[in-house]
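In what follows, structures are represented as structure tokens.
Shared between the two complexes below is subunit A, which has subunit B as its partner in the first and subunit C in the second.
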Partner chain A sequence: MTEEPNVPPETPEEAALTGTLAASIALKQRAGGLIVPVLTALIAFLLGGLVVLATGHNPLLAYRDIFNGAGLNWVFHPTTNVADTAAYNLSQTLLQTTTLILCGLAVAFAFRCGMFNIGGQGQYFVGLYVANWVGVDFSGMSPLPHILLAVGAATLAGGLWAGIAGFLKATVGAHEVISTIMLNWIAIWVGEWLFGDGGPLQNSANKTVPISSDIAESAKLPVFWGEKELQGLHVGFFVAIAALVVFWAILNRTTLGYEVRAVGFNPEAAAYGGINVRKNLVRAMAISGAFAGLAGALDMTGYLYHFGQSDIPANSVGFIGIAVALLGRNTAVGTGLGALLFGALLFGTTHGLSSNVIQPELAGNLTYIIEGLVVLFVGADVLILYLWNTRRRLRPRGPKAAEAAA
Partner chain B sequence: MSEWTQRLENPVSARLRDPGVTGYTGLVLGVLAAFLAIPPIEARTTTWPIVVGIVAVALGIWTTTRGRRRLGIGAIVSGLLGIGLGILATRSGTGNLEAVFNASLVAQTFAFATPLVFGAIAGMFSERSGVVNIGLEGMMLMGAFWGVFGADKGGTWVVGILVGGATGGVLALVYAYFAIHLRADQIVGGTAVNFLALGITGYFFFQIYHGEYVPAGVSQIPDVNIPGLKDVGFLGPAIGHLNLMIWVGFLVVIASYFVVFKTPIGLRIRACGEHPRAADTVGINVYAVRYGCVVLSGVLAAIGGVYLSDGFGGGTFNDNMTAGRGFIALAAMIFGNWRPAGAFGAAVLFGLSSAVALRLQVYSASASTLFNVLPYVLTLIAVAGVIGRTVPPAADGKPYSKQ
Partner chain C sequence: MAAAADELVLEMRGIRKEFPGIVANDDVDLDIRRGEVHALLGENGAGKSTLMNILYGLYRRDAGEILLHGKPVDFGSARDSIESGIGMVHQHFMLIPVMTVAENIVLGNEPRDGILLDERGAEKRVRELSEQFGLLVDPTALVSDITVGQEQRVEILKALYRGADILILDEPTAVLTPQEAGELFGIIRSLKADGKSIIFITHKLNEVLEIADRITVLRRGRVIETVPREGATEESLARAMVGRDVLLRVEKTPAKPGDVLLRVEDLHVSDDRGIPKVRGVSFDVHAGEIVGIAGVDGNGQTELIEAITGLRKAEAGTISVAGRELHEATAREMLDAGVGHIPEDRQRRGLVLEFTLAENIALHDYAEAPDAKWGWMFPKRLVERALRLIKEFDIRGGGALTRAGGLSGGNQQKLVVAREVARDPKVLIAAQPTRGLDVGAIEYLHRRIVTERDEGRAVLLVSLELEEILSLSDRILVIYEGEIAGEHTGEVSEQEIGLEMLGGKEKTAA
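After this line comes the complex of A and B, so read on.
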């Protein structure tokens, strides 16, 4: 495309010398490295542990139980037999990880375009509803087209839902945080209506129960680890892994990704460089929403199969996606690892805890506390830069330090 | 962050945003609301007149807060009359809707609106000083749990309000430190506050009350029985015995108007929100003002939460009790254009839609849901700027670094 400037982008270190906004974002991205996310997570677990300790429970035992409950002890004796508790637990953790990877990417992609997509939850729900609708109402199709139709329609719906926020930002400058919050709650209430009494997606068998029908067999994703009836791990896991690769490839290997990142670094400079900023805002938001919609679609076709009114407030994967993306510094690898961490927390705290150590109800809320602490500390750029500077002071002869000093 | 996009003007939407256009549209919709229920169109339910009427009132609030006061008030009155006439017209046909629309609807509207009023005023203080507060929901939730805890352990609702308000203030202080001193992204920080509050309240609710309900007989925030009004036809059930916190909420709105717009302190707060560098130059301690406002915001939001659990909720708590009310409060503040009166008007309007939603449940679940969506849809339309322009404080959300 002719819009691209001829000069290749500077490296963050070069740019840091010129003191642009882009440089500071890039610096923070690199400065974090692996140290800061790991440190953040450790601080969060430490403070969470203090709460556990203060309320008369043993935090070490609690964390051990959560670790085992999440099936992470599987690495000590790996097996593919899901009759083994650790293997089964791990498959359930990976099921959560699948969802969280995609919800994390939904936040991360918008972030790279300089927008905060707080509406992952709503986009996820919209995907879920559409997948349920296609899965139930289009019965009689053969499996592959049915699955593709359900997943495709849901992904598209998620993209459109987020696209509203992108469109409003691009055309009238409405702040995406406010509009995505509103879209979240609209999606939540629409769900209450869809599955509620007399709602269009309520099951036809029992009109007193506000739950949808099960999707048709032909719309269910194949399960490759465990049994379908026992909520085994479905092939959507590989779709999520592939999404990580696609996310990386779009951002780093395509013109679209280049433009998105340019707008994220500095919209005015991007506009000056001939990039259509408005188009990119809408596009980035829609792609973000598509990731979340895909998450909803895979959950519906992969293991939920139906959804009800009472499931709506209990579900917060879209919000957890914010913590996942932030902890993963909005990169593909980071998001994958963050999703694994929070997936393990999600499943490990609901399950297999001995009540004399910590009750599942407490552990579940501990997850929220840890999420909150992670997000709180990750958000503190100054703290991160301070740590970065400390590291640089500790290693004055490092190659990067020499470059920065030059 | 979005400053540059705000400058992109679109001539068509700019004309639609003109207060004159919104005001007259409101007037017309108000009339339409009344006509929806009578013969030519004759909607069989009151749903449509009310929806259209509420949109008219919303447009009126919008117009009032953006300069065309008289026209705006006209649209509000037109919308209210439209609702009233629409109801009258349908009520003659369907008698049982009388149970939905009566004097106690007024009382219930205020009951639903009060947490939103506290939350919206709380958000206004924070944002007027230049700190975006997405964490209202969390601060409100803290107040809801620790307020009822305080009332339970302290033996009186006064302790409940003090404890609840204090915990909201402490959480706000933590947020303020990250947002002001560490210059963390305020949206990220607010999201963290919401997670933290959800975890902390849920954790201690289970730890202290073992997942059971808070024991019955907790000292509740009392109702105010106005002696003379008891037997007055409409006013008696409408405002004769409202909860104490509803009246306090009215006072908070009036007081905050005077503080923000009529006192030197208010001028300083607004200066920090509009142009912190200039405020700093004339000797205002920007950090101190922002800390003060954010903590006040936390306390107010939490008191709204205490009312939710210990007044409105009758001395009970349940997990995630606020259920999005903090976000509706945020919406009310935006809708009211960061002004106390506007925020109050929007909060009452959203309270009305909640109250009607609750009453409609008996007749039609889907109509009930329609009313619950209304605040969010209206706010989405509002921030879209299609019917007017929201003008946040210029430095809202931007961390300030002293030089």
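After this line comes the complex of A and C, so read on.
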């Protein structure tokens, strides 16, 4: 037995041609770990640039101004003084990044358990509502408990909201894509009612405006970069960074994460291993929702302070979270980078762009164009990888091969 | 006719193919005669599939030449090779389930009636072909409604419809029941009589000796020998394949049965659709005994195992492990009671292919000390245990942090066995433990199963390979339509059990 040499493993090419779906995914992860997301982003930006070009502007200038507008030029002359434009812009970009990290994790966590959580938006709204309610109605508490109560209750609410979809999947097999979309709509219309005329969260000062009261001072998060009044960067940013670490640690260092990944990769093998698959579906969905609920809580207590009917349709961070997670391949580091990219786009396209450089109507929508392209391409990354490999395969193999082909 | 039979239809000369880090084919020569069945024999990874993919135009060779009817050819794609009369039936069928048999066969080369598909013409042509070669299949049936064996016939018909003279069959019996395999051999003989040449890829020695005219053995990318069937034996072929002497017979001492460790009483189990599959089965398995369950696929074996392992709820009956009765136990409870399980499908159930070897080894115990405490896992301990088992069970092709999907089939199975045995189970259930494995790995697994019996475990072996059951079991139960149709200890003939597997006893009794 001992002198028998190793049987050579299948080569990636062989696996791609003859292998199973699992083999092709494994191949994708090995060969496409870094290439695919980078290519995906590049192609999305390239096509976005073509749209800019079609409107008669230079895409390179447009992207340069968006880069500067997002404050990313700050790295060339770093300062903490927010009077500096680049520093202020960066603080605003990071404010968006905070939200998008958590919304991205909300999608990524469910993904690792084999589910597609489209409901980040609804879970985010539920978190916002609860944080607003606790922040407004529980005034008189001292700051730390008040903040903890608001954030904790909102996070829990987001988790419960998503848990409904997980429960429906585990018990009656309702597909989570459908049920989370439905829960989004329910969350949206609940918001319309909450903030609308005579709604329970409508402000008491002016009954003609469908908007909530501001949360109490005691519920507002400390701002560490900039001014509270000027929408400075709040400490929730560090919470989001910590959430990335927690996400990684749960998945890679806990039995819970082991179960989540086992169920996500192969539910049948997980069940055989003694893992309760149904329990994990509900739990993973709830944890996903908790990330989105936390995003809503931090936005409410960090800089929004109030919310109204007209803010609901204008908000789509939950959906951008899908692009963030997909681009980040559902990993902690990837989600962090993806959130920074989209945070920069979100803020960089919405202010200070000259109409000489980009058509104003296009500016704000460029983010959504790129977001859409990213989702499209990530869905097609098998194709991108295929094209990448074909290019390699077509490369000539030296004189011998040429002879044989002749 | 004798002269025509020696006519070479295909020659491959000095074929070389490299993949990064591996020479998959190294100076391979192969020639195929008209009207012969030529077996291509080799272990997994020996380069059989690479060679055939080069011939079929899916891979480009790095060196060497291919002569078809004496003329050099160079296939850039499968389309080229199909047009030159080469057909290939892959292991995984590529049929469209919502279309009829006839539609699938003519796809890509449809007879037309104006701009429409000539449905009648297609069916007529398919019927002619299928009668000519004895490939019986209804051309109007939907592919989703036919059996796996019939799907394979459709694939063969498809190749014949496109005018194949040389037919490559890649591990054709892997998905077939013994009966279907017998029928396939009949079809191969009629194709051969018609002057078709067949390249038969396999690693099963008995099949080679049954059907092949000549045999080419590949090992690690090289041709070891090409021999006529006359004079070849299973032992000689196995030696050429593996590079050393292989023990094909299982050596074991008589069983010394101890206490009853697994008792199944009047068990009834239904499948997902609620159809009763196990109907009142009772048996005991003693410590130090291998009980084999023989039967044709689909007679309740899967449901029986799933019930014993807690993966499926039984409708009625009791299961006891080491004297303790377990009621509606979950998979976790059965594991804890001391039931180890080598599942019939290691890739779908036995392993998480994306997990590392270390993570797979922890699949049952990930939440218990020393792997974890208070929900926190210690990856280092997982790796330490994995390294120990990799060494003990001689798992090759990867380390503790390699993904299980990257291992060969034999090593994946060793990984499963290592995990199950390392838990020191009282009862070991082995379902099709050697399916799809090559002789070296089969030898290892058979020895291992006997070793575990001698350690005092109660072994329940379920296999569709009658030979495996006969050579390993101390006691044989035959299952037919969810009932035990026969029980044998000691010498029993293959024919007798074969009859019971098909419900023969019932018929003679009636």
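Going forward, the second predicted complex is superposed on the first by the 351 of 406 C-alpha atoms of A that agree within 3 Å, B and C clash if a C-alpha of one lies under 4 Å from a C-alpha of the other, contacts with A are read in each partner's own complex, and residues count from 1 in each chain.
Basically, a residue touches a chain if its C-beta (ideal position, glycine included) is under 8 Å from a C-beta of that chain, and two chains touch if they have at least 3 such contacts.
As the structure is a prediction and not an experimental result, all values here were calculated from the model.
Once the two complexes are laid over each other on the shared chain, residue contacts for A:241 go to neither subunit B nor subunit C. In the overlay built on the shared chain, the residue A:255 is in contact with subunit C alone; subunit B does not reach it. Once the two complexes are overlaid on the shared chain, A:268 sits against subunit B and subunit C alike.
In the superposition on chain A, A:326 makes contact with subunit B only, while subunit C stays out of contact range. The partner of subunit A that touches more of its residues, comparing subunit B with subunit C, is B.
Residues 268 of subunit A are contacted both by subunit B in one complex and by subunit C in the other. Note for the complex: subunit A touches subunit B at residues 51, 55, 114, 116, 118, 168-179, 181-183, 185-186, 188-190, 192-193, 196-199, 267-268, 278, 281, 313, 319, 322-323, 326, 359, 361-362, 364-376, 378-383.
Touching subunit C in their complex are the following residues of subunit A: 1, 3-11, 13-14, 17-18, 20, 22-23, 25-26, 29, 252-256, 258-259, 261-262, 265-266, 268-274, 276, 397, 400-401, 403-405. On the subunit C side of its complex with subunit A, the touching residues are 19-22, 24, 43-45, 49-50, 53, 58-65, 74, 90-92, 220, 242-244, 309, 311, 330-332, 335, 341, 343, 347-355, 359, 362-364, 366-367, 372, 375-377, 379, 394, 396-398, 403, 405-408, 410-411, 440, 444. Residue ranges of subunit B in contact with subunit A, taken from their complex: 1-2, 4-8, 10, 13, 134, 174, 178, 181-185, 187-189, 191-200, 202-204, 206-207, 211, 320, 323-324, 327-328, 330-331, 334, 365-366, 369-370, 372-373, 376-377, 379-380, 383-386.
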